[in-house]
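You will see chain A twice below: alongside chain B first, and alongside chain C after that.
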Partner chain A sequence: MSTATYTELLDLAAGGLLLTAVLIVWRRELAAMARLLTVQGLALATIPLLEGARTHDPALVGVGGAVLLLRGVVLPALLTRASRADGEPRRESTPLLNTSASLLAAAALTMIAFALSRPLLALDRGSPATQAAPTGLAVVLIAVFVMVTRRRALSQAMGFLMLDNGIAAVAFLITAGVPVIVELGASLDILFAVIILGVLTGRLRRTFGETDLDLLRELHE
Partner chain B sequence: MSLLLLLPLLAPLAAATLTALVGWRRFTAWAGVAAAATILGCGITLATRITSTPRIRFGTLLRADALTVTMLIVIGSVATLSCWAGVGYLDADLVAGRTTAHRARLYGVLVAAFLTAMSLAVLANDLGVAWVAIEATTIATAFLVGHRNTRAALEATWKYVIICSVGIAFAFLGTVLLYFAARHAGAGGSALALDTLRAHATHLDAGVTRLASGLLLVGYGTKAGLVPFHTWLADAHSQAPAPVSALMSGVLLSVAFSALLRIKSIADIALGPGFLRTGLLIVGLATVLIAASLLVGQRDLKRMLAYSSMENMGLIAIAAAAGTRLAIAALLLHVLAHGIAKTVLFLSAGQLQHAHGGSTRISDIAAVLARSRLLGIAMSSGILVLLALPPFATFASELSIARGLADAHLGWALAPLLLLLAVAFAALVATTARILLGRPATDQPAIAVPRTAAIALVLGVTASVILGLTAGPLTHLFRLAATALGAAS
Partner chain C sequence: MTSAIAVTAAGLQVLGVAAAAPLVVGGMRQVRARCEGRAGGGVAQPWRDLRKQLRKQSLRPAGTTAVFRLAAPLLAGSALLIAAAAPLISTGSPLDSTADLFAIVGILFLGTVALALAGLDTGTAFGGMGASRELTVTALVEPTILLAIFALSIPAGSANLATIVTATTHHPSHVVTPGALLALVALVIVILAETGRLPVDNPSTHLELTMMHEAMILEYAGARLALVEWASGMRLTVLLALLANLFLPWGIAGPHPGVAALVLGAGALAGKVAILAGIVAAAEVFVAKLRLFRVPELLAGSFLLAVLAVTAASFLTPVSG
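This part shows the complex of A and B:
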């Protein structure tokens, strides 16, 4: 693979990550958000697969395959299943911010991400992957924004998965992945965290009748 | 000798497996206690070795220095007391029908898994593995917080999992950035190993390291109960079963903070001591401020204890900001003394909760000293530790922290700190006086404490008193830990 092709494909994957993040801000249907997360997981897995193919590193290709399975298939499927459960509303309830304001906020956050990552870019000017790292950081910030402004338990869980996708993207772009043992441990933690959030969503629905987080206000000072 | 590093992981893992297989039984409950005692035993044995060998390793994965050993002793002592009292606590729950056999089994498995994760967090040779272990503590404790299965418990669990997972995710981003900086400083593939990082710390890129340390401070600060992501703390502590609250307050918060101490020792070399000192000082003072103001007029006993833990974590953050050898050694003494005392208090609160139909409202509880001599004395001595009155160890540690601040030319921070501590002091005295003193009303019978809980309380109080009279060889261990962290005298 030539360097030019590699760089183009890499930028395409990073662009895909950011695009899906913005689309998640736009869409309000839970099932659509879960489908977008599948696409985002695929885009994320492309990064280590590309890097592994270029450097002929079988370990990295293996990690890419695991990421593909976990973030492209298993986790979105878990969330889709939870969103199809009986009594779960199909859509996000009235949002705290309307769609156009949310999209503007996402744009602003992307700019902030680029400003924040200047020291990263300065440290490694030669690598096209590091130059794409700000997109990962932008996904992280947009994910936090989604978690803060959405009111359904499942939307928050999806925001959490997006946050982790963003962090994983930064890791793959700037360092070609953290050591395998850390990557494995982190993936396992994410898997358990999403399973727990899924189980809790079910319990919330059974206990409170629905999953609007505004209902959680028994505990306060 | 290096097997001593493996035992604190294997013992609780074995207890978890056993409970998973046969359920919550008398002997599996005691297996949990034995696992906790094993952690304590390993900590004490390692403490005798660490004076001659400052680094003990097991393969490339595990590593112990004086800080590890100190934290193992903290984990071991708090866990032994909590698990011991937990035997009777859960049995009482089962008899009263407040929990089912299925949930009791889950409790046994998760508490043991929680102990494994915390031991791994302090034993890990690698900042990445330490992160994995600390995130695993969130996973292990999620259903423990929700153990009571009420609406409030569910609400607390959701908030706990979401806030802590997001906070700890930021710590992971910080870890990734630190790895990136270390790789570019020539540290190679094992760039997250603690000793490798320290060896290359002078070459770390300042811009990236600053970003990384900031993220790590916020991330681990979340788990340590520091501002701004502290809001999970009081909810989770008030809803979790008492032994779990004790474990969270006594160990979880300080284990997360010990990760910050490690990061500070590296960042200080790369950036100079100023950067994280400012961060810790701001976060610490803000935490003490919020905790003290929420302690005033607090209406719930367990929430009061939780905010007191927050206050102490704030104080510990300020001590870390001072960063002198004296301040760090005092900080570690404070962690141990506070951990044991808070365990005694939470375990007592658990007994009071059982005696008051599940309520921990302060207005429901009165005349504890007259209704149970044991609970009254245990709570009084625990509160005296929180108030940092002699003869207890917190008196010495808070004095030393104050001196450390003055030595580090941060004397100005003492004025607001002492004012806030005085507010917290007054609030704690006023509230506990209402709980402990007075004559029991006719509808307030004597409180019977199960034997296991009684033994744990007596052990805890005894340990607090002994630690107050003499820290003995521990003083040397704490100083070694401070030196290992590179603290200047």
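This part shows the complex of A and C:
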């Protein structure tokens, strides 16, 4: 694979990550958010796969495959299943910040991410992967924003998954590959976190008939 | 150093856009009709409508001023000026040196504002309502168009539209960068909003609660109405052609084209616009109009995409040469 093709594909994957993050801020239907997370998982998996194909590193390709399976298929499927459960509303109730303001906030966060990571870019001017690293940071910031402004437990779980996608993207882009064992550990953590959050959401709904976390303010006997 | 052939090319652009605009509108209606299982009025129906309206009496509502009278010619004139200056068939328009991004967008919105003022000038409830809605949309559309084309101008290193198009012809890979793709999505949304297509405005109804464009031109009749509708068609055609050339510039003739290159450029442009218009019309069958207060959300989203496009284009583009 030529360097130019590699750079273009890498930039496309990074752009896809950022675009899906923004669209998740935009959309409110839980099913649509889960679909977008699938796309984001695919874009994320492309990064180590590309790097592995370029350097002929089977371990990196393996990591890419694992990421693809976990973040592109399993986790979104779990979230979709949780969002289809009985009694769960189809869409996010009004977020704390209205959509237009959220989108503008996402734009500002992206600018902040790019501005903050300037010293990071200076580390390695020649590597296209390092140059694309700010997109990962932007996804992290947008994900935190989603977790803060959404009310439903499930959409906060989706924000959490997006946060981890962003962290993984930064890791892949800056270090060109995490040791397999580290990636495996982090991915397992995420898997368990999402499963536990899914179960917790179900119990919340059964107990309170509502998963709006803003309502959980007082302790009851 | 304007050569005769460059002037010919610009004239061809103006004539082509003027003649083809009603056909583009008619084609889009026809595609929509076929998709919905209706026979449709035929591609040339808007031309027949224009001919009919030209024969009718042109009424001027009592109490309207020159603003009302001048809006229609201004709208048509601005669309024709863009057609002459923008790189549609050839990149070497005689007006090229003045026609950079800001000038083109400025001329485009001159027409929009003229029509909105005419809507206010009639003093009717619908005119004012339509103008207010149109300006709400315009206030969000204008910065988005500027930012999106600005993102495209970063790899080319110039805000001149012809230079951007030429640069894309030489480096086709510019089109698949994240910056360009984000700019494409943002531009598509704002062009649909600016030309009053679904999901922002429904061009085929006069439903009073939702209309924007139709509300502003409700008081027009006869020849003026024909002029306004023809101009709206031209704006749609020019914007689609510009979109096609910014992202798929192949076939466009160079700054000093021969006759064969001009014919090829015109043919390529006609094909691209026809395909784009067909796609838009077919997609419109599947979308419903957005509720009015959700339109700013859509436009804020496209503005965000344009901001991201600029960010991505300025940070991700490897600095080369």
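Note that in this section the second predicted complex is superposed on the first by the 218 of 221 C-alpha atoms of A that agree within 3 Å, B and C clash if a C-alpha of one lies under 4 Å from a C-alpha of the other, contacts with A are read in each partner's own complex, and residues count from 1 in each chain.
Throughout what follows, contacts are C-beta pairs under 8 Å (C-beta built on N, C-alpha and C of every residue); 3 or more make two chains touch, one makes a residue touch a chain.
As the structure is a computational prediction, the values presented were derived from the model and not from experiment.
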Chain C versus chain B on the shared chain A, clash or fit after superposition: fit
Superposed model, chain A: greater residue contact from chain B or chain C: B
Touched partner set for A:S127, first chain B, second chain C, both or neither: neither
Contacts of A:F192 with chain B and chain C, given as first, second, both or neither: first
Partner chain(s) touched by A:V170 [first = chain B, second = chain C, both, neither]: first
Partner chain in contact with A:T149 - chain B first, chain C second, else both or neither: neither
Vertex chain A; arms to chain B and chain C (CA centroids, nearest 10 degrees): 150
Partner chain in contact with A:T80 - chain B first, chain C second, else both or neither: neither
Which of chain B and chain C A:R203 touches, first, second, both or neither: first
Chain B versus chain C as contact partner of A:W26, first or second or both or neither: second
Shortest CA-CA distance in Å separating chain B from chain C in the superposed model: 19
Residues of chain C defined as touching chain A within the complex: 173, 176-179, 181-182, 296-297, 300-301, 303-305, 307-308, 311-312, 315-316, 318
Residues on chain A engaged by chain B in the complex (per definition of touch): 116, 118-120, 122-124, 140, 144, 147, 153, 156, 160, 163-164, 167, 170-171, 174-175, 178-179, 181-182, 185-186, 188-189, 192-193, 196-197, 200, 203-204, 207-208, 213, 216-219, 221
In the complex, chain A residues that touch chain C: 4, 7-8, 11-12, 14-16, 18-19, 22, 26, 98-100, 103-104, 106-107, 110-111, 114, 121, 128, 131-132, 134-135
Chain B residues touching chain A - in the complex, by the definition given at the top: 61, 126, 128-129, 131-133, 135-136, 138-139, 142-143, 146, 151-152, 154-159, 161-162, 165-166, 169, 172-173, 175-177, 179-181, 183-184, 189-190, 192, 205, 207-208, 210-211, 234-235, 238-239, 294
